[in-house]
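Below: a set of structures, written as structure tokens.
Look at the two complexes coming up: chain A is in both, with chain B in one and chain C in the other.
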Partner chain A sequence: MKTRTKGQAVFRFAQRSEQHVRWVCFWIAGLGLLWLWDLFFLNSPALSLVRTALFNSLLAGLLVVFFSMTLGWGTGLLVYSLEKRKNTLPYIVVTFVFNLIRSLPQIVGILLGYVLLTALIVQDILRSPFLQLVSMSFVVSLFVFLEVMDLIRERIAHYKQLDFFDAMLCCGIKESRIVNVEILRKNSLAHLVHKGVAVFGMALFLQCSIDFILSVGLSTEVSSTNFPATLGSMLARMDSKQDILAISMVFSDPSYVTSLFTRHLQGLNIAFALVFTLVCAYNIANGLVRRYHL
Partner chain B sequence: MQRKITEHIGSLAFVAIVFAVLLVLLKQREAADRQARVKAVAPYLSIPGCDFGNPRDRALFNETLNLFRPASPRANDTLISAMESYRQSQFTDPNLKTGAGEQGLTWHVLGRLSLMYLQFVLVYGIVLALTFYGAQSLGIYRFVRMKQGRGSYLEEFLHLVSGPKVRGRTPSRIMEASFLLLKTFLKGAAYAILFSPAYVIGYSFKASFETDSLLFMILLGVVSNGLLVNYANKFYTLLATENRKGYVETALVKNLSGEFFWNAPGGIAYRSILSLPRHFPGHVLQHIYLNARHQYFPTLKEQASFLITGLIIIEMALNIQGHLCYELLQNILYRQYDVVLTILFGIFLLVKVTDILVDVRHHREGLRYENKN
Partner chain C sequence: MDQFTFDIKIVADGKPLVDIRDFSLQRNRVTILLGESGIGKSLSSRGIYGFLDRSELTVTVNGLAYEDYLHTDQVRGIRRDGFFVFQEPSSHLNPLMTLADQIGEGSFSGVPGMPEVLRTLWEGTSGEDLDSILSIYPKPYRPSGGEKQRILLAMALEKIDMLPDSPTPEALFVFDEPSGSLDNQYRDLFLSLLLDRYRKRPFTVLLITHDYSMISRISGWHRDIMDKVQFRELTRGECGLAFHDFQPGTYTAWVDDLRRSAESRRAPHGQEPLLTIEPRLEVFGRTLVITKDPGGKIPERLAVPPGRMVFVKAPSGTGKTTLVKRVMGLIQEGAFEATLKGMPLTGETPRRFWQEQVWGKRMTMVFQHADEALNMHSTMRKTLLGLPLRVPLTSKGLSRLIGDLFEGSEAGVLLDKNIRLLSGGQKQRLNLLRGLALDTDVLILDEPLNGLDFESATKVISMLLRKMEAGMGLLVISHNEEIFDALAGADQTYYLHAV
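On to the complex of A and B.
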């Protein structure tokens, strides 16, 4: 009787499964391994901080996806209805505002948003850390949602050209139902999931970058210490920076590489979690493109 | 086209007006705040015989205040801290210092900023050109590999490992598998670098290399923040979409080559992917490439905005002194809002000029494609 080892079974799974499923599994396994390694080699206060930062960053990323989808869907429909009703002035104003947001480098916009958030935190209006995280995510999504809006408009325009749209109208189905249910929910779900994954990666990158910049000392008031810990703010701590700086020691002393994974774990850990998540998000998105021919 | 240009110029004018209004408002508010601060603490600071630099006098004043106004201890504390910060500002406020560097937006500062701006534009132009070229080359490379029916190195490795075993071929299979595993590892390392935020790479090399140089900044701008790999992916997607269109099959029927093997007769030469301008004579890829490039061109606007985000991150996070965004950071810190708004407007102007150039070029090329030119 033919028996199969566990290793072969893993190989078979990896070979047969679709790219996006495989990368989701890689991501979970990678973070799991990292956590195990940390359990053995990272001191418990640092481990607790890293865990909180990772959780906050992932939660913030998911919140950005949620806000971006909601804003993108809403504004996409708004622009579509204005365009359809030939409301020239409101249409011009709305597209002008959106193009203006598009032209503003995201990091600058988010930085300005963080200045506002700090004012709210200093005035004790935003007290709860969860509320702060939600507000941070909302600010990030304000500069990311346009991608979702473009996708929504593109999907509607694509289906509107087909006979399917007119046929449904002739059947007496309301246009709002055709757009929201038939086009977007039933026929564009894969596109939206793909965009959601891309937005998640982008949100993670932007949020970590902004937290890192804040730590450089943008001002005494706008400080990363005002906000909940994320991967970016953890990476910006002096001890984490020193861990990252230690990588360059390998160029002068290659044997030092073994010490990196035990003595400089905090910084490397955070950098790895961030980069690994970004790589996985990219591959999951690509897998979805390949699977659904997006 | 005219409408687009009008919109761009309109948004430039709008932002300029908003910034100007903001500047005036901020200046007014700053002056009012300063006056209010002075007005609130001046009567107490001029109490004869009371030296607020002396901790004993300070403590005495605090106790007296609490005796006179026992119902509002919080207001008393606020007053004490306001007086303390006012006294500190007499020593630390750059506006009150003599012999310090020039404050606010003067002609001299503007001249200095202009030089930094030119340097920023130079770096931006070079990185944009390199990423535009690199993204297309990588996109075509991936597309050709896809047409060859090859998956990732990891997939090839898994295929090899789980495939049927042929007696006597074991050593060569092990060699091949090791080679594929090495390629997988190298590709993984390359991806890790390409997706790393600039500050992670910057700090990794800071102790061993000169990270403040222009060359390092350009290199960092190209390879970090996922810019290259994401836009290569976009170009690849456009190539794959074009490949599904009907004209490709028509072209093949009309005897254009559809062979995608490297350097084979009728195939794709490595150097044709890297050369400029790219030509694939007699090959269907020529048409796929040209059509994909036409659609890719407008994404240059998005790429430009993201690239500027990346450059701002590099200059701010790595504290590269003497560069525009480091200056921006410093001026936010010292609350020189006129300088901050000028720099932000300069950055916005750069994005808008790129948008206009891309739109004009895309429009002209579009006319050529539609045989209207």
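On to the complex of A and C.
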């Protein structure tokens, strides 16, 4: 009876709470369940690897969000201040550089960045795995932050069209405070959080794609083993690939399905964590759009 | 059944927006509904007419769910025989049809009389010019707000003309801020056209307005039907929203008092003006000329002396707001010359100078739309404490300041409430308070009485008078001409013309 009441309470919560809150809860609960399952059925070395890869990937995603927000905010303000100047040359130069970055496919840009990082690792300049992770995240954010910069500029432009901006100027409030506090912090928080969630999903996807490409495609000269383990690099491992290919066995022998969740756990685990996180990020972002009418 | 009675409740996301128990309208009478903006006048009248969106709002009328209410004979009758003129005329017009097509569709199809009503509302305009306006596909920026408003008023008047001779008890004509975009000349013309029709054959009118000068107009020019006109005010009390009768004499006596006290306060001439503006200025390729005569023949330099109010008048769309934005240095384009406390201000004055010497220090401006001018995600406390005042506000000073325009108990509740949750009138009072708190030498006010109820308007005017006594110079643009004519006097009234 007690369990039923709890179940009902959970159901009621899921029904009543808003989409983004619901999906954050799903995500945490899903990863928690996965963790529990792994504790019971995954062997210890694989568990340790999966745990490290998941942690590294999530941390890298968060670092990309942090770097992108900082770079996006800073460059957004830089472009805004250059735009107002009578001398338009600095504005033209800066926007040209940003457009150059924009014109480069993200995946190609990040691969080039990884080449540089590999060189640093080979020369023993980047030794610490944490620093390597931070550098990887920074490289990814260099090709993602423009989205944040565009948002910052769009928010400022929107409020500049309204009386809001002029009314505050007339009150003697400094322009820097109007932009940073009144517009961006007080009136754009939901937009920034939404963008942060999108950047997180994008970073996870890009990083895993790059790690996968590096591990599978660039085999001998540049080895992904130099970089900290991530979900992408784990996915590219032979045993993970075998685990995923084992899904096809179910078509010829349906009874094999139970083995997937016990014997082929590593690859499926990684694939699930990746796809599930991306689905959740997508739904959280959509929920924020609906909730805050973005 | 000599009156419409509605018990209306509107809820959004579980929050009650409107809960009125006694929304009653005398049949075949004119009800003028006053009250601060955002209190629920428009929303409830749209609810009665069946215009609310059921997907976003939960509405019950007279105990019926909205779906059931919409299928009652009463609503069918109201919509069939009556007409609703929306506050924002653009929302009423279809952008994919010309105005000419729209005034001839639906119940107006085949009606020959419409051009006659239109011609009356466009008096002084040639038939060709009127035809060119009617051939327009309406967009947000064209035709002008006033022209769109007149189109809708013409449709409503035509619908009144179409009423059968036999009584039509369900016919309800709602005019939501019908003079919001009209100059006084057209407002008075509309009132005459409406009330002349009423004299011939009474019908039920609900006229929602913030324009208190309508009271003087009706009581002065339409005195013969004053017993058929009911002035009511919607106010928010401790028990929620409630209607009260509003005595027109209260307003007219107040304006007379203002006029008398302004006469006695007039300072002697010869004082050094705080602000002067040369009579010709250019903005966005347009030339604006300031004159003292309504005809616009003799350009004259505008001067704002200390302790005086200067009132600038012009028809809608002439560029009054553009003028004051130019004076505030917010538009920095085109030739312009002014002095502020002896400091020259021109089109070449650098932005840094405005920031360091003018904005919030010697001159400030209160914008027309509080909704746009205030940070909706801030609170009253943060808005006022965030001002760069000469002497920072203490909590006592803050209470005193707020107490000027808000009741004690009201202020306590509102102080930390999100601004977007305040009513339109409360936002406008905060908008004014922010400008007044800065204690600058010159204060520019763009439609300062926008959205205020009578009580708030009197408080605002009292506060402006106190500021003037302290030496502040005021430059005002407003459609509430009666009030500001009384305050400024003819010698401090200027006219703006676009040439």
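Criterion: the second predicted complex is superposed on the first by the 285 of 294 C-alpha atoms of A that agree within 3 Å, B and C clash if a C-alpha of one lies under 4 Å from a C-alpha of the other, contacts with A are read in each partner's own complex, and residues count from 1 in each chain.
Operating definition for what follows: a residue touches a chain if its C-beta (ideal position, glycine included) is under 8 Å from a C-beta of that chain, and two chains touch if they have at least 3 such contacts.
Keep in mind that what you see is a predicted model, and the values were worked out from it rather than measured.
After superposition onto chain A, partners chain B and chain C are found to sit side by side with no clash. Contact with neither chain B nor chain C is seen for A:Leu47 once the two complexes are overlaid on the shared chain.
After overlaying the two complexes on the shared chain, residue contacts for A:Leu245 are found with chain B alone; chain C is out of touch. By the touch criterion defined above, A:Ile213 lies against chain B but remains apart from chain C after alignment on the C-alpha atoms of chain A. In the superposition on chain A, A:Val193 contacts neither chain B nor chain C.
Shared-chain residue A:Asn286: touches chain B; no touch with chain C.
Of the two partner chains placed by superposition, A:Leu260 touches none, neither chain B nor chain C.
When chain A is checked against chain B and against chain C, the one touching more of its residues turns out to be B. Touch criterion met: A:Leu162 reaches chain C, while chain B stays clear of it.
Chain B and chain C, viewed from the C-alpha centre of chain A in the overlaid structures, lie at an angle of 100 degrees when rounded to the nearest 10. Shortest separation of chain B and chain C in the overlay equals 5 Å (C-alpha atoms, whole Å). Across the complex, chain A meets chain B through its residues 8, 11-12, 14-15, 95-96, 99-100, 102-108, 201, 205-206, 208-209, 212-213, 216-219, 235, 241, 244-245, 247-249, 251-252, 271, 274-276, 278-279, 282, 286, 289, 293-294. On chain C, the positions that touch chain A within their shared complex are 325, 328, 330, 355, 359-361, 364-365, 367-369, 372-378, 386-388, 431, 434-435, 438. Of all residues in chain A, only 162-164, 166-175, 182, 186-187 touch chain C in the complex they form. Contact residues on chain B toward chain A in their complex (touch as defined above): 7, 10-11, 14-15, 154-155, 158-159, 161-162, 191-192, 195-197, 199-200, 203-209, 225-226, 229-230, 233, 237, 244, 301-302, 305-306, 308-309, 312-313, 316-317, 319, 329, 332-333, 335, 344, 347-348, 351-352, 355.
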